[in-house]
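You will see chain A twice below: alongside chain B first, and alongside chain C after that.
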Partner chain A sequence: MKMFQTMRTSASGLAAERLRLDLIASNIANISTTRTESGELYRRKTAVFAAELAKSGAGQGVRVAAIEEQQTDPRWEYDPTHPDANADGYVAYPNINLLQEMTDLITATRAYEANVTVLNAGKSMFLKALEIGRG
Partner chain B sequence: MNKLLNDRTSLVLQLALNAAAERQRVTAHNVANVNTPQFKRQVVLFEEKLKQALQEPELPLARTHERHLDNIPRTLGHEVITDNSTSMRTDGNNVDIEREMVLLSMNQLHFNAVTQALNNRYSIFRYVIQEGRR
Partner chain C sequence: MEIKNINPFLPAEWQKKAEASTEPAAAGHFGNLLKKALNHVNELQLKAEAAAIDLALGEVEDVHQAMIAMEQAKLAMELTVQVRNKIVDAYQEIMRMQI
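Now for the complex of A and B:
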């Protein structure tokens, strides 16, 4: 077991939650994006987390297993003047629920803070251990 | 000399310190996976195992000579198990963040207490080495 594994574990949690925040920001920013680099409609992105285990079975934190794009039907809006409108005058917008993004945002923020708390606790424990045998 | 620094108290304190460090690592793992579907929290068992070991009428190693191995087995220590018994959410995750935070604070205080005890122990040794002089 490596010495600073505790901190690495917390760091993996921080990185994972940060990525989730990035994806939420991307989803909200692209709530009306009808055209991406591939020329298609923007699709809501979510991170899939998986627990990271050492060969011994000891927990080593979390990793992002995949970033998945939601494959649900788009949200159709009638706007014939829009350049991306179809023959019937309907525009396909990404099916992003702002309320869901906001609640995910809160969850990710709180989880991030929890990881910071654990990291700080581990740090103070290390410092305390350095005092063993001192005066 | 071996007996002086590796007495029973110091050994148990070292084991407790190891267990507290491991518990910190496991808590970090649980908190990092608070949003991982199907994740089950890990738990460190130490106090239970220590109690069990102390209650056993005869410790595993019989000692018939003073140079035999010490009575506290070196293998005595913590054990990490996975708590599969509960589910907190519909995604099968059972990390209760409040509980983990409470365990974190408790573990931190416990770690500090053990460190303090070890320090006291060593300051007694120092006192003896210095023949009581300050």
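Now for the complex of A and C:
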């Protein structure tokens, strides 16, 4: 239904921001994770968004193109008692910056809110149109 | 339900002409259009109901999807009500006609 194109576009934005929030939650939860299922160090995850062509041509939704894993050097900490410490006694921790994650969290929250605002604006325009000819 | 247009009070040969001109429009008959639109509104309502059930069962992943489905159903319903009001208004206007 072409009538709700704005809503669908905003909905894709909401879904994308929610996924971003999921990734931030995962990054913060795993800030000191030294091993994953693959046996490697946990890597900071970020979502790559891509514009998606709408069928009608007007307005593009967003889709998640990929979830990238950051390939930077780990944060080394000296702790010989740690089971995952290397021969020199250093433990590799994921290179996650809590400040950066918190800033991203704020961005994701605000972007989600912005999408809701657009959605509500579309809704009030629709309701306004229904008032044509009334009274 | 089939809504037929009101026959104009015209001389016989004019009436024939008028009927011939309305005939090709039968495919896009107002009744059919209305039926199609109502079916669509019903679909949206069913979708919203399914979303509400999923939400109650805790099976929904995105809360906004359920909310949007319900909002769409509500808006489509309001549009239908407005169209219905217009139709009823037109009908009453005709019923008030002095004969």
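One rule holds in what follows: the second predicted complex is superposed on the first by the 128 of 135 C-alpha atoms of A that agree within 3 Å, B and C clash if a C-alpha of one lies under 4 Å from a C-alpha of the other, contacts with A are read in each partner's own complex, and residues count from 1 in each chain.
Keep in mind that, in the parts below, contacts are C-beta pairs under 8 Å (C-beta built on N, C-alpha and C of every residue); 3 or more make two chains touch, one makes a residue touch a chain.
Remember, it's a predicted structure, so these values are computed and weren't measured experimentally.
Enquirer: Could you tell me whether chain B and chain C fit or clash when both sit on chain A in the superposition?
Expert: With chain A aligned, chain B clears chain C, so fit.
Enquirer: Thinking of the overlay built on chain A, is A:92 touched by chain B (first), by chain C (second), by both, or by neither?
Expert: After superposing on A, A:92 lies clear of both chain B and chain C.
Enquirer: Take the Cα centre of chain A as the vertex and report the angle out to the centres of chain B and chain C, nearest 10 degrees.
Expert: For this superposed arrangement the angle is about 40 degrees.
Enquirer: Would you sort A:64 into first (chain B), second (chain C), both or neither based on which partner it touches?
Expert: The answer is neither, since A:64 touches no partner chain.
Enquirer: For A:49, is the partner it touches chain B (first), chain C (second), both, or none of the two (neither)?
Expert: first
Enquirer: Residues of chain A touched by chain B versus by chain C: which partner has the larger set?
Expert: Higher number of touched chain A residues: B.
Enquirer: Have a look at where A:18 lands relative to chain B and chain C in the superposition and call it first, second, both or neither.
Expert: In the superposed model, A:18 contacts chain C only, not chain B.
Enquirer: Classify the contacts of A:127 with the two partner chains as first (chain B alone), second (chain C alone), both, or neither.
Expert: Second partner only, chain C.
Enquirer: I want to verify one number: the closest Cα approach of chain B to chain C after the superposition, in Å.
Expert: Distance of closest C-alpha approach: 7 Å.
Enquirer: Identify the residues of chain A that lie in both the chain B contact region and the chain C contact region.
Expert: Shared contact residues on chain A: 1, 7, 119, 133.
Enquirer: Under the touch definition given earlier, write down the residues of chain B that touch chain A in their complex.
Expert: So the residues of chain B touching chain A come out as 17, 20-21, 24-37, 39, 42, 80, 97, 100-101, 104-105, 107-108, 111-112, 115, 118-119, 122-123.
Enquirer: Across the complex, what residues on chain A touch chain B?
Expert: Within the complex, chain A touches chain B at residues 1, 5-7, 9-10, 12-13, 16-17, 20, 48-51, 57-62, 107-108, 110-111, 114-115, 117-119, 121-122, 124-125, 128-129, 131-135.
Enquirer: Applying the document's contact rule, which stretches of chain A touch chain C when the two form their complex?
Expert: It is residues 1, 3-4, 7, 11, 14-15, 18, 116, 119, 123, 126-127, 130, 133 of chain A that touch chain C.
Enquirer: Show which residues of chain C lie in contact with chain A when the two form their complex.
Expert: Contacts found on chain C: 40, 44, 62, 64-65, 68, 71-72, 75-76, 78-79, 82, 86.
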